[in-house]
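Common to both upcoming complexes is chain A, partnered first by chain B, then by chain C.
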Partner chain A sequence: MTTAQLELAKQVPTHVLPKRSLYRDAARRFARNKLAVIGLIIVIGLLGFAIFADDWFIAPLLGREPQPLIAHYNYDEAFIGPTGAFPNSEFWMGADLNGRDVYSRIVYGARISLSIAIMSQLVALFIGLPMGAIAGWRGGKTDFVIMRFVDIMSALPVLLLAFLIMLRVGASYWNVMLAIAITSWIEICRLTRGQFFTLREKEFVEASKSVGAKTPRIIISHLLPNALAPIIVSVTLGIPRAIFAEAALSFLGVGINPPTPSWGQMIGREGIANMTYFWHLALFPAVMIALTMLGFTLVGDGLRDALDPKMVEGK
Partner chain B sequence: MTRYILTRVAGLLFVLLILSMITFWLMHGVPGGPWASGQQLMSDQQLAALKARYGLDKPLWQQYLIWLGGVLRLDFGMSFQHPDESVVGLIGRTWPVTVHLGVMTLLVAFGVGIPLGIVSAVKQNTFVDYLATMMSIFGFVTPHFVWGILFILVFALYFKWFPTGGWEGPLYWVLPVVAYAFAPVAIVSRYTRASVIEALRADHVRTARAKGLSNRSVMSRHVLRNAMIPLVTVAGPLIPDLITGSIFIEAIFRVPGLGSYWVTSTFSRDYPMIIGLTMLWAVLIAVTYLLTDIAYMFLDPRVRIR
Partner chain C sequence: MNQLRTRLLGVALTATLILTACGAPAAPAAAPQEAAAPSGPVVNRAGVTLPADAAPLDKQVMNMPAQEQRYMTWDASVYAENVGDNFAWADSCVRPNKDFEPQPNACTSWSVSDDGLTWTFNLQKDKVWSDGTPITADDWVFTLQRFARAEYDFEWFYGMMGIQNWTKVANGEVPAEELGVKKVDDYTFTITTDRPTPYLIKIMSDVWVAPQHIIKDRLDDGTWALKPENWVFAGPYKLEAYDKGRQLVFVANDKYTGPFPPLLDKIIYKFIDPQVRFTAFQNGELDSIGGEYTDDLPPSAIAQVMANPELKKELITWPNFMTYYLFFDTWNAPFDNLKLRQAFSHAIDRDKIVNGPLQYQSTAAYTMNPPGFPGESISVLKDVQNYDPALAKQLMAEAGYPDGKGLPPLTLYTRNAFPALTNAAEAAAAMLNENLGVEVQIQSLDYDTFMDKLRNQKRSGSGDFSFALVPYEFDFVDGSNMLGVWGGCEPEGVTDRGQMPGRHTWYSQEFNKLICDAGQVLNDEAKRNELYAAAEKLLMSDAALVPLYHPINNALVSHEIVGPMFEPNSAGQVTWNRVRFTSRESEIYRGTTPRP
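So, the complex of A and B:
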C-alpha cells in the first residue's frame, strides 16, 4: 500500500464505528463513576420519600384526604407522642415539642425541599437561558445592558438578596421558590452567553447562515444543542444550592410557614434553641440537608465529568 | 492601567447606586413599619411625630435622596432599634467580632487547605489523595450550619471539651472557626491540587528536573510559585464572605457579631441599619473583586487588559 492509501485506511474506522451520541457516551461514563452512582441512588431515594410520603396520587380518586404512606403520621398531627420524646422504636426520630412525629415531618420535608429546589432551577433556566442567548447572540448594546443588569444582581450575596425579597413578599411556599429562582438565573445566563459568544463564530454557524437558515433555526438546531451540556451541569449543581437557600431562609423564619415542615425551619424554630437537651430536633434535619446536598452535588459532578467532550473515547 | 482602574471604579459606583435603590425599595415595601409591632402603646399623634422625626412621612424618593445625601457625608443615619447609636457606630462596635471570626477562619482555610492540596497533588491517586478528596467533598457539600450543629452535639454536649456558645476566649473560638472553615478548606485544597498538578506537568518543570535540581527546589521555585497564582481568584470571593460573617454560625454559636444584627434589624424594620449593612456587604464584595483582578495582573504578566 502507498502512504496515501494508508492514510485513507486510517480514516475508515471512524466512519464504520456505530454512531453514538454524546449523551449515550455520557450515560456510560456516568454509570462507571462510582461516586456519581452513589449520588444518583441518594437522589432517587429522596425523590421516593418526596413522592410517596402520602398517597396523594390516588386519594382524589377515592374521594378522601391523602393518607401517610412512607410517613407514619400526618406532618401536623400533634400530641401523638410524648412531647420531646427521644428516638425509639415507635418514633424513629423522636417527637418534637408539639408531640409530632419527627420522622414523618422529615419525610414530608423532603417533598418541600426537593420540589422547591427543582422548580426554582427550572424557572431560573427559563429566565437565564433566553437572556444569555440573546446577550450572546446579539452582542453589542443588548449584551451590554443585560450584562450590567447581571452585574448589579451579582453584587450581593445570593442569600442576602433572597432574604430581602422574602421580607418584601412575605413567607410562603411559592414565594420561596420564586425568590430562589430570581437569585439563581444569573449563573445560567452568564454561562449561556459565554457559550453562544464562542459558538456563533464557529464555521458551522457560518455555513448554515450561508445556505440561508433563519436566526431562530440556527439558534435552536445549532447553537442550543452545542451549548446544552454545561447548562445541564449548571442546573443540576444549582439544585443543592437551592436546597441550602430554602433551608437557610426557613431557618431564619422567612421561608416555609409552619406547620408545613421544612428541614431548615425545623432546625431554626425548635432545633437550635433546645439543642442542649432535645438533641434529635436539630440533628435529623441537619443530616437530611447534608445528605440531600451531597446526593445532588455528586450527580452534578458526575454529569460534568461525563459530559466533558474532551473525554470522548474512541477518538 | 490607571484608566482601567478608573473605569472599573466608575462602574462599581454605578452598581452600588442602583443596588441601594433596589434595597431601599425592597425594604420600604415590607409590610409593617418600624413601630407597628404593637409592642409600644402609642397614640396616632405620637406615631406621626416619630415618623416625622425620622422622615418616614415623606415620599419614598425624597427619603432616598435624604439618605443618599447623608451617605456622601458618611452619615448612614441612626439605628431605630438603638436610638442612641448611629449605624456607623453600631457596625463599628459589632463588626470587629465578626472580622475576628472571619480572619481566623481564613487562616485555617489557607493554612490547612494549601498543604492538603499540595500533598494530594504530589501523592496523586494514592490513599492520601482519596482521603483528601473525600474530605473536601464532604466539607464542600455540607452547609456550615450543619457542621455547627454536629460539632456542638459531639464536642460540646457529648465530650464536653468546648463550650456550646458565646465569645469569651480562645476555647470559645475553636468550634465556630472549624465549622465555618470546612467549606473554604475544601475549596482551597481542591484548587491547589488542580493547579499544582497542572504546574507539575509543565515543560519548564521537566527541564528543571533534567538539569538536576533537587526535588525541593523544583517544588518551591518552579511548581508552587506558578501554582499559587490561580489561588488569587479563589481567595478573592472567599474574603468578603468570611469577614462579613455568617448569620448562621453566629446564631448557632451565639457570637455577638454583625450577623445577629442583620436578622434583628430586618425583623424590627430598622431601615437605616438594613441598608447600611447591605451596602457594607456590597462594597466589600465589589472592592475585593476589583483588587483580585488587579492583583492578578501584577502576578501574571500574561494577563493584559483587553
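So, the complex of A and C:
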C-alpha cells in the first residue's frame, strides 16, 4: 500500500450515518415510553424519600444527631400522637399503636427497604452474572458443575433458606441484605447462562470469531448487550421481591429489628392484625410496597424495550 | 352450682346404667326421640340431660379456634401439644374451682402425713378409658414416672413437686421404680417428697393421666399418640375426628363417669389463623375467640367491640395472673451495676404503656406477683420502682453513664414477637431512649432459641443475653409459683450459682432461703405469704427485674353460650380461657335465651 493510498483511506469517512450507540438509542426510546418515565419518576421519588428522610449527610459536619428533613419526627419517637390515631392534618398517615407518626416511619422505611433491596440485587448480580456467563460461554463440564449447583440451590425454598441463614447469623441490617442476595442470584445466573448459550451459536458471534476477536471482546461488546435485557428486567423485578423477602424475614423476627422501621415489618407487626379497624397501619406501607413494585416494574419493562438491540429507531 | 352438678351426675349415672342395661343399639334410638320432642329435656350422646333452657341437641355444638400443633397429648409435649388449652378430653387428679381451690376429680380424696412428706390419693373406682380399660393407680404411677424424663419439656414443672428421686430418675441414674410414687392398691397411690411441699396438691391439678396400656414405654417420645388407633380418653370428651389442617372434632364421652359430665354434645376446634378469627366470630363461624396470652383480641378488635354495644355484651374480661418483665444479666457488665438497673426501673412510665398501645389489655406492674395472687404485697412495693425520670437520670449519672454516654447500644430480646409484646418492648425502648439516652434495638427470638439462650446464660454465667423482656404466667395459685423463676431451695453441696434453682442470672442466698422456708411452713398460709412478701421485697429492691404490665385477657363468647361457667368467682371475676384450671366444657351449653 502506498502512502497516497493510506492518506486516501484516512479521508474516507468510516460511517456515513450520524454517530449512534446502543445506549444513546436506548435513552431516546426510554424517554418516549410514557409508562417507563412514570415508573422512573416513582423510583426517583422513592429514592428522594430514602436519601432526604433526615439530614444525615450534613449532621456529622454540624456535630449533632441527624434531624428529620422530609420526615416530621424521628422514626422511634413514641407517644407523640394518640394511640392508633387516624390520618389527620398533623399525622398525615395517622399514628401507630405506640403513638408514633406513621408518615415519618414510612419515609424512614423507604431508606431501609430500598437500600436492602437494591444492594441485595447488586450483590446478586455480581454473583449471578459471572457464574452464568462462564457456564454459558464455556459449556461442557464447567456448565455442568455450575448448573448442578444452581439446581441444588433452586430446589431449596428461597424464603426458608434465607430464614435459615438469618437464624444462623442473627438478625441485622447487613445480614438481611446478604441473605436475600445469596438466595436471589440463581435466576440471574440461569438467565445469563441461557442467553449466552443461544447467543454464542449465533452468526454474528461466528463472524466476530472469524475476524479474530478475542473472547473478552466478544463477551463484552456482543454477548452482554444482547443478553442484558432480560437480566435487567430480572434485577429490576427482583427489587420488589427483595422487599417482600425482607418484609417476611422481619415479620418472622429475623429481619430488621424494631424500632427501626421497614414497610414489611410495619405490616406484619401491627398492620395485618389490626386491619379491621386501624386500617392505616397496614394500608400505607402496603401502598408504598405496591408503588415501589409498580415503579421498578415499569422502569424494568421500559429498559427492556429500550435496550433491545433488535428494536430500531422509528419502528 | 353444686346442686346442678349433683343432679347432672345423678342423671349421667342413671343414663349410663340404663344404656348399659339396654345394650349398645338402644343408644342411637334414644337420642333422636329426645331431640324430636321440643318440650322434653335435651339429652346428649353421653346420656347427660342438659338444663331445661338448653337449645335442641343439634345446636349443642361449639366452634372454637385453635392452632395446629405436632403432638396430641400432654405427656408428649406441653409446648407443642395440639389444642394445648383443651383439657376436656384429659383427666386430672384434682380440678381447681373458680377460686383455684382443688376439688376432687379422678382423685376422690387425699390426705397428707403429719410430717408433710407423704401424700395418699384415693381414686374413683369405676373410671374407664374410652376403650373400656379401667383407669387404675398403675396409670397414675406410670404417668408421673413418664413425666420424670429429661426429654420432656415440662419435666422442670413437675420437678417443683419435690418428689423423692425425681432428678435421678429424670437423668436415668436410677430406675423409674425408685421414684417416690408408689401404688398401694388398684385405686390408691402415694407420693413421697424430699421436703414438705404444701402446694403439691395444686400441681396435682396439672397431672393428666396417661394410658399405660397403650403407651407401654415410659420414654416414648410422643409418637404413640400420632396414631388414631391409640386414641383413648379419660375426660368428658373424646376425639371423634382429626382433619389435618382443618379441625379437631370432639364429642361427649359416653364412658365418662367423673364429677364433670359433658353438656355440649360436640366441640369443634377449627384451625383458623389468628388474624381472621374476629371476622370468623362476627360471621358466626366461631363461638369464642381470644383470651389467650399469645392470641388475645388484637387492639383493632377491642376498639370495635368497645364501639359496639351488641359485641360488648359478648365480651368477657378478666385480669390474668401473669407478669411481663424486663430482666438483666446481673452477673456481668453493664447490668451488674445496681444503680444502672435502678435507673432503668425508674425510667419507664408504665401508665403510658397501659393507657396507650395496651389499652384494655393490661394494668401497670411494679411487682412480680400480680394483684390478688397469694403473697403479693403491691401496696408496699409499688414505690420501689415508681416512674421518676429525674431520679432515673441522676442514678444513670451515678452509675457512670451520664445521659447514656458510655453505655453501648443494647439489644432487647423478646420471646415470640406477637404484636402486644413488641409494642410493650418498643414503648419501653422509646422511654429508655428519651429519659436516659440509651439506644435499644429489639430482637425477637423464637421460643426455643430464647429459652436456650436464657438457660446457657445462667449455666455458663456469661454470654450476650443480658437484657430481655419475657412474660411469666402462673401455673398454680400459690405464693411459690411466680417467685419460683427467681430461686428456691438450694441443693445441698452446690456452690455454683449457675446450678441454683430459678432461670435468671440473678442470685441471692437470702431470697432462696426465704422461698425455701416458706415452702415448708405447714398449715399456715398467712405465715407463708409473709415470707413470700419479704422475698419479693428483696427481689424488687435489687431491681433484678423491671415489671411492665399484668395482662388483662379479653375473650368474645357468643351470647348463646350459657351455663354455670359464667357465674363470677369470689373475686367477682368471670373467666373464659382458664380451662386448665376449671372444667369449662362441663359448665357450658347453648341456651334458648341469650346470656344477659
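We adopt the following convention: the second predicted complex is superposed on the first by the 261 of 315 C-alpha atoms of A that agree within 3 Å, B and C clash if a C-alpha of one lies under 4 Å from a C-alpha of the other, contacts with A are read in each partner's own complex, and residues count from 1 in each chain.
Note that a contact is a pair of C-beta atoms (placed from the backbone, for glycine too) under 8 Å apart; a residue touches a chain by one contact, two chains touch by 3 or more.
Computed from a prediction, not measured in an experiment: that's the story for all the values here.
Aligning the two structures on chain A places chain B and chain C in clashing positions. In the superposed model, A:Phe244 lies in contact with chain B only, and not with chain C. By the document's definition of touching, both partners, chain B and chain C, reach A:Thr276. When the two complexes are overlaid, the chain among chain B and chain C that reaches more residues of chain A is B. Contact with chain B, but none with chain C, is seen for A:Ile289 once the two complexes are overlaid on the shared chain.
Once the two complexes are laid over each other on the shared chain, residue contacts for A:Pro157 go to chain B alone; chain C is not touched.
Shared-chain residue A:Thr260: touches chain C; no touch with chain B. Contact with neither chain B nor chain C is seen for A:Gly45 once the two complexes are overlaid on the shared chain. By the document's definition of touching, neither partner reaches A:Gly194: not chain B, not chain C. When both complexes are aligned on chain A, the segment of chain C among 150-158, 258-266 or 582-590 whose C-alpha atoms clash with chain B is 150-158.
Shared contact residues of chain A with chain B and chain C: 167, 170, 253, 272, 275-276.
On the side of chain A, the complex with chain C involves touching residues 76-79, 83-84, 97-99, 167, 170-171, 253, 257-260, 269-270, 272-278. Listing the residues of chain C that touch chain A in their complex gives 274-275, 278-279, 298-301, 303-304, 352, 355-357, 359, 411, 416-417, 419, 422-423, 425-427, 429-431, 433-434, 440-446, 449. Within the complex, the chain B residues that touch chain A are 11, 14-16, 18-19, 22-23, 26-27, 29-31, 137-138, 140-143, 145-146, 149-150, 152-153, 157, 164, 241, 244, 247-248, 251-252, 263, 266-267, 274, 278, 281-282, 285-286. Contact residues on chain A toward chain B in their complex (touch as defined above): 35, 148, 151-152, 155-157, 160, 163-165, 167-168, 170, 240, 244, 247-248, 251-253, 267, 271-272, 275-276, 279, 282-283, 286-287, 289-290, 293-294, 297-298.
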